[in-house]
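See below for the structure under consideration.
Here the chain labels run A, B and C in written order, and each chain numbers its own residues starting at 1.
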Amino acid sequence: MTPIASIEQLAESYDLLVVGAGPAGLSAAARAAELGLSVLLADENPAPGGQIYRAVTTSPVKNRAILGDDYWRGADIVARFERSQATYAARCTVWSIGPDETAAGSFELGLSLDGKARIIGAKQVILATGAQERPFPIPGWTLPGVMTAGAAQIALKSAGAIPSGRTVIAGCGPLLYLLAGQLAAAGCQIAAVLDTTPSANWSKALGAIPDFLRSPYLAKGLKLMLAARRKLRFVSGVTGLTATGEGKLASVQFEQEGRTGTIACDTLLLHQGVIPSVNFSNAAGCAHDFDGKQHAWVPRVDAWFASTVPGIAIAGDGAGIGGAESAALCGEIAALGTASRLGKLNEAERDRQAAPIRTELDKRLRGRRFLDLLYKPAPQFLAPPKDETIVCRCEEVTAGQVRDAAKRLGVTGPNQMKAFLRCGMGPCQGRLCGPTVVELIAETRGTTPAETGYYRLRPPVKPVTLAELAALPQTEASVKAVVR
Amino acid sequence: MTKDRRNADVIVIGGGIHGCSTALHCAMRRLSVILIEKDHAGRHASGVNAGGVRQLARHVAEIPLSNASMALWHDIADLIDDDCGFTSDGQVLVAEDEADLEGCRARVADLTLRGFHHEELIDAKELREIVPAVSETCPGGVISRRDGAAIPLRATQAFKRKAESLGATIREGVRVTKVEKDGSNWRVVTDAGAFLAPRIVNAAGAWADRIAADLGEPVPLEVIAPMLMITAPLPAFIKPVVILRGRKLSFKQFGNGTVLIGGGHLGTPLRDENVTLLDWRKLAISAGTVWDLFPIMRGAPIVRAWAGIEARMPDDLPVFGRSARHEGVYHQFGFSAHGFQLGPGAGAVMAEIIATGRSNVPIDGLGIARFTTTH
Amino acid sequence: MFRPIADLAASGELSFTFDGRPMTARAGDTVAAALLTNGVVACRETPVSDTPRAPYCLMGVCFDCLVVIDGIGNRQGCLVPLAEGMRIETQHGRRHFTEASE
């Protein structure tokens, strides 16, 4: 593996550019390089691993039991990538993608590293930008002291740090129990775990239990849940949450079957599942559908994870939540598809290599449906009922404002909503408000998220400074093209 | 019920600001109107432009329409029950060197001769008073003090809503496939059935050439995708909108601190897919222009870029007025990336022409005949 | 707000300042982590209402960890590795202009 220290070191173009160094990106890059493609893996973080394997090569945590074996397995994926001939650009943000007008079917991507930008060519692209936390808008969620469960995991993995005071963990989903266990093992003072899993979901998930019982999740999940419940104060069936404090978090109020409670705390960690990060795939023009099972927008991909834009594949959680191990397998399959499209591999050989990976992948995905059904958030956590709840954190737009615009002005979708309220126009580009805005519009208009649509995103997928853009190296052809 | 109406006095094709304004003004004159829009009102150029409400630097042939429109902008809330975010801090054309400034001088002199006084020459001192952050090397420029900016999608949809409240039938998501004569009427065929009216207005923006071709009046319309970028909020440092004479730049800071950078560098439009592709190397040139002119902006983060689908005519002038071939057909398209400010007034003038046969506002040189009578 | 757990691998210590106050953190920490382990409650105030905000996601998604680093604002603290001698400042409301352009 060739590490890149400055943007000038990048080649003008590569066979394959992989965006994101999580399990899917690492596996895709390694497999593609092993198949003889020239590969660049670009990732905005300082070290490989994405989120789930964050800091797996640099973590200062010595006691391996705290983070658990599943986490440390990520080191093998990194090691394989490091043995490959791929090029790796860390701290490198990929901010745009578009067709290369000089090479039909190929792409040009805008990259930035250390304040300098360049446009790099790639014949094929694999987006492996993974997942993000599903937004969890409750009153007071913007207070300092309220963070995501993922943030606490990142702090633990990469800095060996845990919340220092009284901590409340709230939400639903397997990660909740995992985090509670990890933090407790690390010595964090967990005042309570507030579980918002709707009790009605158990009966809905019953139908998917047979598969779940045959899946690897059962043993893992049960163990985590039992361990967490044994040691910690657990409150189930929580139907409402409010974070309160002046200038910073001081307490959490919760509602549960008609009764309310208040817990003084310094840190509140929220989590209600993860959803695909669609900003890049959306900006690239890939088609997305609203997946009712995952209750999230998911890019449309085929059996090789090729998107609706020829030449762009999407691997890992970014193409549908399947977990870390599935992500690695998807990355391999996407790489095989890419190599075959570039003529490095005939289809028979491609299929032969993919077969055992697909078998493994099917095993991993079995049982996900149960998790999707069980942990689908209750409506009030998708579309916050209290009008004063901030929905767009960047522009400070409230749920009430969105409902009002949908009702009074007849705004039918999030793109028009943007123009009226500015939600989605801040630097996060709708990552934290998009899903909620869609739910609120759908609820107000009596329709569904699928019918409401999502933001129409454009590059830059992450902000790029005027200075970087102004200094972008120009080609002769582009200088001529401007004259008209 | 008006929603199901198939016949009207006027059918307007296209729901940009021009179509919506014409629909409103026809409704104000008690004409029954059906507006047909293939996406939603303001989906294209009208909804995604820089929002410049500008008289500055217009071709002389457009100035009368622009004047009529500016009067409406300054009382826009009275007209359409929405202030559209309209602010008026003037627009300034910055001369980058003496040659530029000489060109400015000549322009202002020419306008004065013609009786137009909205553009004033300003010297280096006044330029720096009005635009303190501009580079010290700029020797002066031209200001149009009543100019400003508004929020394009909001304005377009406000026109639509007001038209609807006065009885206009708005059909969105309906695409016109053909226009043909049917006795004394025009039959507008769509994917949701046919509509009939004795008068039709072709306000179909970047798709208007197809309507015109259907009518036997083909025009050399070019589809373009002018690109824009916007920054994160910055401390307030500029009030008026700034444009340049020599290089492509339009530059505006909103009340919330974000700065919009436009100017007309072109991306690639795919008009049948409602898609535009950005050209980052050209955006880099825009960025370079801002770098030169406003050093204070150099570290500004660009958080979004986009491009709309617009129509450009070879002479950069719109096609406005009666058809050259048919009774009852009117054209209102081809505004070549500077039609937003003209919308309110153009709709008023068009409705006047439709209702009374004429208008006092001169529109010479804008007719479709200039493209169709060259053989 | 956050504290390092016991039993961490040895690492160098980096000195930096936050709003002029001297602080230290582990080599390898991001700017956001370094602020959190030093008890910094809020790292910025929003441009819309000057409301205090702190890092929320630590993975580059929320943009609530924006700080000024060595005179350059709008830096996502969770993506920038801490360096010796860094001058970090609260990002007040709208972004500062860079030193380079002032």
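Everything below uses one rule, namely that contacts are C-beta pairs under 8 Å (C-beta built on N, C-alpha and C of every residue); 3 or more make two chains touch, one makes a residue touch a chain.
These figures come from a predicted structure and were not determined experimentally.
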Closest chain to the centre of mass proxy, which here is the mean CA position: A
Relative to chain B, chain with the most remote C-alpha centre: C
Distance from the mean Cα position of chain C to that of chain B, given in whole angstrom: 44
Separation of chain A from chain B, taking each centre as the mean of its C-alpha atoms, in whole Å: 40
Chain centre separation (chain A, chain C; CA means) in Å: 23
Of all residues in chain B, the ones touching two or more other chains: 232, 256, 297-301
Chain C residues counted as touching two or more neighbouring chains: 48, 74, 98, 100
Per-residue multi-chain contacts in chain A, two or more chains: 426-427, 463, 465, 467
Touch list for chain C against partner chain B, complex: 47-48, 72-74, 93-98, 100-102
Chain A contact footprint on chain B (complex, rising order): 40, 42, 47, 151-154, 157, 161, 230-232, 256, 265-266, 268, 275, 277-285, 287-288, 290-291, 297-306
Chain C residues touching chain A - in the complex, by the definition given at the top: 1-9, 11, 26, 28-30, 33, 36-37, 41-42, 46, 48-49, 51-64, 66, 74, 78-79, 81, 98, 100
Residue ranges of chain A touching chain C (in the complex, touch as defined): 44-46, 51, 58, 60-63, 66, 91, 132-133, 142, 144-148, 150-151, 154-156, 158-165, 186-187, 247-248, 266-267, 277, 393-396, 426-428, 431-432, 462-463, 465, 467
Complex contact set, residues of chain B against chain C: 232-235, 256-257, 295-301
